[in-house]
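Here subunit A shows up in two complexes: once beside subunit B, once beside subunit C.
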Partner chain A sequence: MKYTERKVAFPRYAEYNAALKYLLENGLGVSCIVPPPLSDRTLKLGAKYSPDFVCTPFKITLGSMIEALESGANTLLMAYGICKLGYYGELQEQILRDLGYDFDFINLEVYNTGKKKAFIDMAKAVNPRVNMPKCTAVFFEALNMGAHLDEITAEYYQNCGFAADRHAYQAIYKNFISEMYSANSALQIGHAYREARRAMLEQKIEKPANPLRVGITGDFYTAVDAFSNANVEQRLADMGVEVHRWINVTNRMLRYPGEKNLNIKIKDYCRYEMGPNSTANIWATKDYAERGFDGVLHVKAAACTPEIDIMPVLQNISRDYKMPVLYLTYDSQTSDVGLVTRLEAFYDMIAMRKKVFR
Partner chain B sequence: MKKAYIGIDVGSISTKGVIIDDANNILVGEYIWTEGDPIGAVKRLLSLMEPRFDKENYKIVATGTTGSARRLIGTITGATVVKNEITAHAIGTTAFYPEVRTILEIGGQDSKIILVENGVAVDYAMNTLCAAGTGAFLSSQARRLGIEVEEIGDYAAKSEHPVQIAARCTVFAESDLVHKIQTGHSKEDIIAGVCRAIVENYLNNVGKGKRIVSPVVFQGGVSKNSGVVRAFEDVLGCDVIVDPNGHLMGAIGAAILARSNEKRADFSFEVEHAEFKVREANCGKCPNNCEILCVYKDGKLIDAWGNRCDNGAISVG
Partner chain C sequence: MSESLKIGIPRALLYHRYKTLWRTFFESLGCEVIVSSATTQETYKQGSALAIDEACLSLKIFLGHVNELVGKCDYIFIPGINNYGRGRDVCSRYAALYDIAENAFKNSGQRFLGASIDVIEGITEEDALKSVIMTVGFNERQAKEAYRIAKKEYEKEKKAAVAAQAQLLKQQGTKILVAAHSYVFDDDFMGKGITDYLKKNGITVIRADVIDHEEGRKLSKKLSPTCRWELNREILGGIEKYRNYVSGIILVSTFPCGTDAMVNELLVRRLGKMPVLTLVLDGQTGTAGLETRLESFLDIIHFKEAGK
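Let's look at the complex of A and B:
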């Protein structure tokens, strides 16, 4: 396929598609299709064509790929990772081919060689005539957008539960996200980011001196993506909780302190690497505990092996620091009744604890 | 006129109701089967409670609902407090047993463990996704063996050599059980084995990683089963307290929560004569296609929920 005909899509992942769209359109010179927001339909489509026991993000990304193809995409991109994610691309391509779709598939796992040249190969796979210096510059602008997205998102969930005018506060956040999807230059990104910060600061936040604080950890897809975790951050924040989440693309990819540096901080609990985000999640949980958080939610997809493996470690941290950890598992069910019950109970518990112990 | 408070706990299998006074005395308590019809069950529950309630001296000033149908029942009874069953159980139990450290609860479809320190819940866990090791399993196995659920305790007591039954998964446990039946083990031994399997399953799944400290209180429908209680005592190596009102604890907790909340609204037994209808509507404004539930009282819309965003909001009134 000629690169001028390419309409590239990447499955939905939180709001990072905005940064990817920016990179594809401005840096790689191809058009980008952003799949529709994740919905029950996405999940149903994905679950229908996926192996039953595969981890849930596989199903959601597969569903999102189908929706992207329906929206006119002719080239699909898939990320790679250290867990089962490394096999996602290959299996998903085969499933989609068996379903009869016609498309180019660029599986980034192929370029996961650890060499610096790999980035050039990835770019060339999308567009063989890519202007590499320009693409590199845009790449850093896109990373910057990702960092802004993560920063504003973190700010939003830490304060939205206390905003005097919650609708207005949420509108600022939503508006910022849509600005990111339509941004075409670094100038626009910077402007929208500063605007959002300013507007958020102007809102009245009625936060008590010692609010309830809950940290969120979990697998890299489910904990970060609001649809996948049934909006757990918003639900918790709405009860009047300051919600913190260390894990996001910026912290994990760009500002990652490094396996060794984190390992040393958690050496009392575990002595070797257990999986892609395990060291980070164990460290983050311990860090929340040391900072006196009221609780931690461990948000994972069903069948996520690395996250299942760290549960005993989190239980030890929970016991030593007397900080409750709620373990939530998400599968392809769409009813949120069970989640609401557990979250409400968790909130009641940490609220009552706080009155007695502090 | 003295004040009273009503708590209603509508679970998947059973519906519980209590009326308490200011000193936690249970004025009326009732326990019936839900039979898949929560609204009908509540109406029946109230018609059973009404004649036993002393209307001359007491007035119900607040209503609390809990259990998986808490929202629906809260709407139709005009509840002042709608609380999840985990909090309700913790509140109810600590009111009667302030020293309790561990609350084990096994109900019809779910099971939970609540750890308590200084009278406050500090940690809890609830079974996920799967109803293994709950009352539903116990009653289906009792049916397979041709005995009533209520008799399980007596049978288990007679057993001398409880059989080993794979406890990990209900489906595997069931096939294991069939094999044991066919190889000629006595009913008593098999039932004692089932009781033990439930306990092991509970401790492996719900209680995993939790430190179980005495005093332990065991409640929920399954706590009425002396076979399971004995199995718990064997495995944990400590006494397990079963309150005679353990099966009502969620409802008691809801009533206590209603009392401690400042909201007040007189409760009326009229509810049992009103006509309630629940209609399901699909929003259709986005691909989520949320199922919105509309509750009608005598043909008038009184509440609606199920929408995930403002697009599907239905204004009531």
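Let's look at the complex of A and C:
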């Protein structure tokens, strides 16, 4: 297929789709199709064609790819990464081919050689005639958009539970997200970001002096993607909780202090790197505990090996600091009743503890 | 040192791959090596109680073995592996093993010996083993010599196993390739039931994981170009190498092994007309279900052979 005919799509991931779309259209010069928002249908489709006990993000991203093809995409892009993610691409392509779909597949894992020119190879796989200097500049603009998305999202979940006018506060956030999807220049991105910040600051926030604070940790897909975690942040915030989540693309990729530097802070609990996000999540949990948070949610996909492996460590941190940790595992079930019950019980427990220990 | 150091090694996971290397290494330094006994239902029960519910059968069994050794030796040896180089990863559980065990046995007072092989960061197998033994008072020269002896033994054993398998390939009669990690294949509680049944029925069992490691890695690219898991790549290479000698392939994994779940799904889709049986082992002790499936698989193979 000629690159000019390419309609590139990728599986959805939180709201970072906006930044990827921006990079593909403005930097790589191809047209981009963003698949429909993740839904129960996405998950069911993906689960139907996936091996049973592969981790849940595999199923969701496979479902999202099918929906992308249904939406008219003819080229699929799959990310590379450590852990099982690196193998998603090859197996998902095989499954889609066996289903009979016709498409180009760009598996970035193939170009993940660790060499400096790997990024150039990846860009050229999408568009062989890419203008590299321009693409690089747009890449940093897209990263910047990601940072704005993370910052506004963090601000939103820390305050939305206390906004005097919750609907207005949420409308500002939603509006900002849709502005990011339609942005076509760095100027537009910057403008929308500043507008959103200003509007959020103008809203009245009625937060008590010592509110309930809960930290969210977990795997890099499920903890960050609102559909995958059944909107756990919003649900918790709505109960009147300040919700913090360290893990996001900006903190993990751009502001990451490095494995070794982070490991120093948790060496009482863990001697080696236990997995791709393990050091970060153990550190974040310990950090929440030291800052006197009322609890932590460990949000992970079923069969996420590294996250299962850090659970014994988190249990020890929880015991030593006397801070409750709720372990949530998300599988391909679509009912959220069980989650709501557990969240409510967790909320009641930390609210009672707060009264007793204050 | 007046009294010899007692080093405990759990008979699980990588022990089955590296037993000669590790044993010879410690024993040539004068340490006493205590290996936990063969896996039983009790090992699994103990391990399950110590593990997170969602962990795989192999990890539960591993923790059962560690539990058996706690309090019986000076140190329990749990080496971790992060990678063998770029594009040569392992399941992240191997990197986490040491810390999982230490956190699970935090209040037992047991001391552990760990090391992490991370070739990308410049820590080779030799560095890791040397650092382990140097933390308990041996010097670098002793460690180096012990590693040299152990590595030689290990290579010799590996070569012998590959040569023995080459002889098996020449045998008449039905041959079946069993693709399983060595810690599944060699474990009394897991793989033994399968191989015993096959042998009882006159089948020659070929092991996919018995292959020169480098050759295995190279051949794996034909079946799955982007697979980076070292142990899976060796098995993939073994399948590629031996598939034309056998009448069928049995893919054995433990519940819920993530890497096997993905690789085996791909294999089933790519092996074409070859009869393939996928077996997932959990902690059940009854063998009736397993035997029914093996029996019907053998029937299929015998029908196919008769029709030729």
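Going forward, the second predicted complex is superposed on the first by the 358 of 358 C-alpha atoms of A that agree within 3 Å, B and C clash if a C-alpha of one lies under 4 Å from a C-alpha of the other, contacts with A are read in each partner's own complex, and residues count from 1 in each chain.
Criterion: contacts are C-beta pairs under 8 Å (C-beta built on N, C-alpha and C of every residue); 3 or more make two chains touch, one makes a residue touch a chain.
Just so you know, these numbers come straight off a predicted model, no measurement behind them.
Once the two complexes are overlaid on the shared chain, A:Thr329 sits against subunit B and subunit C alike. Of the two partner chains, subunit B is the only one touched by A:Val337; subunit C is not. Residue contacts after overlaying the shared chain place A:Asn26 against neither subunit B nor subunit C.
In the superposed model, A:Met352 lies in contact with subunit B only, and not with subunit C.
Look at A:Phe53: by the touch rule set out above, it reaches subunit C but stays clear of subunit B. Contacts of A:Met311 after superposition on the shared chain: both subunit B and subunit C are touched. In the superposition on chain A, contact of A:Ala303 is made with subunit C only, not with subunit B. When the two complexes are overlaid on their common chain A, residue A:Leu91 makes contact with subunit C while staying clear of subunit B.
Of the two partners subunit B and subunit C, more subunit A residues are in touch with C. Of the two partner chains, subunit C is the only one that A:Asn107 touches; subunit B does not reach it. The contact surfaces that subunit B and subunit C form on subunit A in the two complexes overlap at residues 302, 311-312, 315, 329. On the side of subunit A, the complex with subunit B involves touching residues 36, 39-42, 231, 302, 311-312, 315, 318-319, 322, 324, 327, 329, 331, 333, 337, 340-342, 344-346, 348-349, 352-353, 355-357. By the touch rule above, subunit B contacts subunit A in their complex via residues 68, 83-87, 90, 118-126, 128-129, 208-211, 286-289, 308. Those residues of subunit C that touch subunit A in the complex are listed here as 52, 54-55, 80, 82, 86-87, 89, 91-93, 95-96, 98-100, 102-104, 106, 114, 116, 224-229, 255-259, 261-266, 269-270. Taken together, the subunit A residues at the contact with subunit C in this complex read 51-55, 58, 82-84, 86-87, 89-91, 94-95, 98, 107, 109-110, 113-114, 269-276, 278, 302-303, 305-306, 308-313, 315-316, 329.
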